[in-house]
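Quick notes on the structure that follows.
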Amino acid sequence: MRENRIRQLWAQGQAALTAWLSVPSSYSAEAMAQQGFDCVTVDTQHGMIDVQAAMAMFQAISTTSATPLARSGWNDPMVIMKLLDSGAYGIICPMVNSGAECEAFVRACRYPPAGNRSFAVTRGQLYGGSDYAEHANDTIVTLAMIETRQALDNLDDIVRVEGLDAVYIGPNDLALALGYGPSAEPSEKEVIEAVDTILAIGTKHGVKVGIHCPTGESARRRVGQGFAFIAIANDLRMLSAAAKAEVVAAKGE
Amino acid sequence: MRENRIRQLWAQGQAALTAWLSVPSSYSAEAMAQQGFDCVTVDTQHGMIDVQAAMAMFQAISTTSATPLARSGWNDPMVIMKLLDSGAYGIICPMVNSGAECEAFVRACRYPPAGNRSFAVTRGQLYGGSDYAEHANDTIVTLAMIETRQALDNLDDIVRVEGLDAVYIGPNDLALALGYGPSAEPSEKEVIEAVDTILAIGTKHGVKVGIHCPTGESARRRVGQGFAFIAIANDLRMLSAAAKAEVVAAKGE
Amino acid sequence: MRENRIRQLWAQGQAALTAWLSVPSSYSAEAMAQQGFDCVTVDTQHGMIDVQAAMAMFQAISTTSATPLARSGWNDPMVIMKLLDSGAYGIICPMVNSGAECEAFVRACRYPPAGNRSFAVTRGQLYGGSDYAEHANDTIVTLAMIETRQALDNLDDIVRVEGLDAVYIGPNDLALALGYGPSAEPSEKEVIEAVDTILAIGTKHGVKVGIHCPTGESARRRVGQGFAFIAIANDLRMLSAAAKAEVVAAKGE
Amino acid sequence: MRENRIRQLWAQGQAALTAWLSVPSSYSAEAMAQQGFDCVTVDTQHGMIDVQAAMAMFQAISTTSATPLARSGWNDPMVIMKLLDSGAYGIICPMVNSGAECEAFVRACRYPPAGNRSFAVTRGQLYGGSDYAEHANDTIVTLAMIETRQALDNLDDIVRVEGLDAVYIGPNDLALALGYGPSAEPSEKEVIEAVDTILAIGTKHGVKVGIHCPTGESARRRVGQGFAFIAIANDLRMLSAAAKAEVVAAKGE
Amino acid sequence: MRENRIRQLWAQGQAALTAWLSVPSSYSAEAMAQQGFDCVTVDTQHGMIDVQAAMAMFQAISTTSATPLARSGWNDPMVIMKLLDSGAYGIICPMVNSGAECEAFVRACRYPPAGNRSFAVTRGQLYGGSDYAEHANDTIVTLAMIETRQALDNLDDIVRVEGLDAVYIGPNDLALALGYGPSAEPSEKEVIEAVDTILAIGTKHGVKVGIHCPTGESARRRVGQGFAFIAIANDLRMLSAAAKAEVVAAKGE
Amino acid sequence: MRENRIRQLWAQGQAALTAWLSVPSSYSAEAMAQQGFDCVTVDTQHGMIDVQAAMAMFQAISTTSATPLARSGWNDPMVIMKLLDSGAYGIICPMVNSGAECEAFVRACRYPPAGNRSFAVTRGQLYGGSDYAEHANDTIVTLAMIETRQALDNLDDIVRVEGLDAVYIGPNDLALALGYGPSAEPSEKEVIEAVDTILAIGTKHGVKVGIHCPTGESARRRVGQGFAFIAIANDLRMLSAAAKAEVVAAKGE
């Protein structure tokens, strides 16, 4: 089975850097996958992307050496199954609020007996290889999003779930959950401490910790702090900001 | 009929700034249309966009005050008709190499008796208004691309065609046509002179002159030189460059 | 944030009239949005429309002043989240059968602390404006469908749920639930009384009451009775009936 | 090979009534095909429909006994070939202005030696049957649009082209061509006379004459005059008018 | 209402043979529906097919006499409702593990009072006929997949659920559930016995038993054993194997 | 620039074997590209595939080492340009009937000064590499279809066109052109001789000769005869035949 670049990087003690896609186009997906990211996440939660569009995007990403991932729309085994069948090599799952929810998430990513993912020959095999069934459980990565107060309270239970590879912080939702406005770069003390706590608890239990960053510079700083999985902004935000900057330059405003 | 922002700007002696779309997505199109451009060009020639996708993109652009334009795939009356029917308020036509070709282009954009565009109630009316048939000939703008040596030789004939609003320079193809490598910002003397010649001849005959620029800074300089229609790079290039920059910042390379 | 026309009408004591779309086309959606409806509902429950198609339809509707709404496929927070992210300014939720289910529905439509909608910058912001996060909870309308006997029994609990704006009657399903054949215009005494009861209880608790009508004439009568939100038939039924009438006229049958 | 209902009706001296589709949806296409029309025309000229969408619409129409037709975007052999390959049982070709153009059109619809349509097993066979190659030339109908002054002048040459089954009048374009505003129901004497002339000349040469009508009532009148092929309005116009009428009834305006 | 070919065959004591589609194309669907299968199953679980694509495929299948079915992505009433509304005449439901789950599945396929399927006029009526609402409950077939150890343990409860027409065996998942590698043609004694048990228990309770087979030969043998519903491989596997064989023949490897 | 496998094989005196795709799906395209073909041709002439669908299919093919090709819908420079921009590494052009037409075809595939292909950074660069502009003219292969009597008469002129890599025989159209029924495996003496003549003349002038074959066995024989480019049937025919065979085996007919 084709290897998962994220596992390779983690085995070397390195962080994985992911692109984040919200535009439902395999053309922009292919271009993004060529910019040097280690992996590319198709965001089917807040992106304007459904599973059908995601499949075409996974194909586009599969023309490169970047590993395809997906954020699932929900902690829902059907949705997770379809993304994995389409060729995702990892799932970032939103709204994981307890050990039980985390276990349900991880089981949805694993074939029996480790889990209850349903088996069939699908695009997963076209991408991973004919021995996909044997190695998928060890290859696919699982990342649980910590984004509510309840999840913080249950963090110890969550990180102890067997088969969970990482927890992932969405600063916007975390800040909202703690009673602040959404912010991509936390500045409130309570949010900053929550981020630190998640990093510490994950690290202590041998679970990787990931975080969403607004910029590459922020990403670099997070790697320095010990984060092992970093997403930077998303395609639409990068495109909008770049276009805005050119308009300002052109109009001299 | 809804007014064409490009004609308004030209009437005020101002240049029109256009976004340039190659990604077949109405989502990125809508975001680009909100960045302050005066108009948004859907590139159905070199973009990965066919007429069906273009229609959805025109709808997305129509949620803003930016005027929707299209680059047609060819100087082909069927293709031009379908883009106009879909709601384009102007056509940038490639490969206009002679006065006769220019006349064919302009006639494809105009209802009889000024031209031979076929009439029906289409999305053009949904966008322009119920009096579309009456005012379309005066509202829609026509831009002929000058990108071959033959077009340069026939430039006087081209700019004299009645109903032509502007000529448009694609520096890449112009440089290739003159025997140089493609370049978005001409540096060869012969190409620079060709650009100057086009600007001079167009201006002399009351035809606006447009040009494709790699950056907003370059766009601003071109406006200062007298260009009246400026496109900046395109969506995919902006996105790729922005993503690349963040990766470099993140990896510290 | 762009205002919600439905809230404006309700503030003035007026009813809102909605188109109802089942055809997965942004072209027919744009045409329907121009016919004078106050809002346009994309039916992702019984329409042949998934979330990907709905997004393109919301864009088409957004070219007009009509407010875009969606009927969700189910009382499912993932589905509701994706429709809101795509730009819906209100959700009509089927199968709300108890106070608890209604609360789950309303919470799915609201950011914390009022609910548990997950936050990200999406098409919602492109449509609503950059201050979307601040005002979305007060702008988006929530309509719970009352269509089972259980819902009738629990109506008092349902209308008391904080944040619920309206209850909505689907006469077909309501008649079925009460043991009659589906009927768009109730004629059975028990169904008529159920409709009256819902109107009375909703009105008493300050919750608006909406209903699906087969014709404009029926709609007008319902407004006179005090209904504040009215849908008329749907696109496919209007189209089929209109075409049938022309065929009959043509063939003289 | 499956028979062409239009040829059957013509053999019985009856007129064929066609629906006219401009909305790119196989769902509305299927509904329209069930309303009693003899055939259904997918308008790839002024409809928002490309060949890919047309194929899905032909499939939807093929679930009924109505015969699928297409208006081609242009008198272009590639475009005509692809529509026939997709299962159209007839082509309405715009802008046929001379005998030579008509001959080119007809040849594009016929396999050698009668024409130069390229052969392959395609959806045509799925729809028509395995003996498609043998009978296609005798089954598929060809309708040339007469919509310019030049076409009127060359009408004798056009109707004499072997293999042409019918001429078809688009009143909007014909009126425009003669110097009047577009009108679906001609009222100017010159346009009325042109319509009469086309009917007379076609009839004299054994070529059927078709016309686009705004309503079923108008269609019936045209049949009485001897027209053998009648289209009524189109889907979008029927839908818009029906919706508008309900809004007016609802609002009591 | 149009009859269901599966019920007709079962009434005659015959087995129904189904094609199995995983490729999201209405073109290959139409071709497959013409190869002599009694019915055609659109696999929205492990196929790369969402509900939007499924609808177009149902239309393609509806051009033939083969009955359209769907495997739902999950035992989820929204998903089942949308497939039935799109025109499926039967649902194969994965992951039915208990009597309660089976009852939920069957109820999702039936209008009240037999179940809780929500009613509206949809594509189901276009396919089934205007009396769809009256007869749908008796026409649509329900097949529950038995693919876990838990389902085996609860088999007696499952087959006793009123309204269940058949149980269906996916040998791959069943083998996995029993601790073996996935296998389309069971060879392990325990799996073979489980298959026999399901056949015996289903038969005893008057519930049909179906099974997925890798080849037509295997299908024939299963019919001989008493299986009443047989699927053969799927489109992608047939295509891949056929292409591979031609490559081998061509290269002489 | 990424190398073209066809040129590599030809340089080694070997024939290239191509898959032939008519189903508009990137999923079946990806599976086909994994079956051992040297290249994969997306048939936009007789396949149900437009340029938009072709792009997604090229992406799917690009996940493998098979080289992506396209058959263009016509000898039309716009169509050819868009296929090359989408990533095709070669064009099979139908209806090349004279030296002049062949020259037009080849020029449409080459950047100036060798031709008049228009330049822009497109998906071609994503697939081929950043030095695409420099090497495209030497990398992309051109195959002209010989399928009419006129083309046979002009064969000497056609094969002398500079930059033409190969001629390609479509036996169906060739047989039709010579007055016989379409046949994938020529049996008429005149057709057989025409095939031999094309092979001889091509070989004499150093132009490769390709042919469409119905089976792998036939392909192998053609390679033995000296053909250097072989297509086998197409996806839909392989799928249909494979399915038919399984149905026959299952039903024991």
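By written order: A, B, C, D, E and F. Residues from 1 in each chain.
Convention: a contact is a pair of C-beta atoms (placed from the backbone, for glycine too) under 8 Å apart; a residue touches a chain by one contact, two chains touch by 3 or more.
Note that the coordinates shown come from a computational prediction; the quantities given were computed from them, not determined experimentally.
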Chain pair repeating C-E, as identified from D-E, A-C or A-F when over half of the contact pairs by residue number coincide: A-C
Which chain has its C-alpha centroid at the greatest distance from the C-alpha centroid of chain F? C
Chain pair with more C-beta contacts, A-B versus B-C: A-B
Rotating chain B so its CA atoms sit on chain F gives an angle in degrees, to the nearest 5, of 120
How many Å are there between the centre of chain B and the centre of chain E, using C-alpha atoms for each centre? 52
Using mean CA coordinates as chain centres, what's the chain C-chain D distance in Å? 39
Which whole number of Å gives the spacing of the CA centres of chain A and chain E? 34
Would you mind listing the residues of chain D that make contact with two or more other chains? 22, 24, 27, 31, 34, 48, 50, 52, 55, 123, 236
Arrangement of touching chains [line / ring / star / complete / other]: other
Those chain pairs that satisfy the touch definition: A-B, A-C, A-E, A-F, B-C, B-D, B-F, C-D, C-E, D-E, D-F, E-F
Interface with chain D, chain C side, in the complex: residues 17, 19, 22-25, 27-28, 31-32, 34-37, 48, 213, 215-217, 219-220, 223, 230, 232-233, 235-236, 238-252
Taking the touch rule as given, give the residues of chain C at its contact with chain B in the complex, in rising order. 26-27, 30-31, 34, 55-56, 59-60, 62-63, 123, 126-127
What part of chain A is in contact with chain C in the complex they form? 22, 24, 45-50, 52-53, 73-74, 76, 79, 94-95, 147-148, 172-173, 176-177, 179, 181-182, 236-237
Could you list, by residue number, the parts of chain A that touch chain E in their complex? 50-52, 55, 77-78, 81-82, 85-86, 111-113, 116, 118-123, 133-134
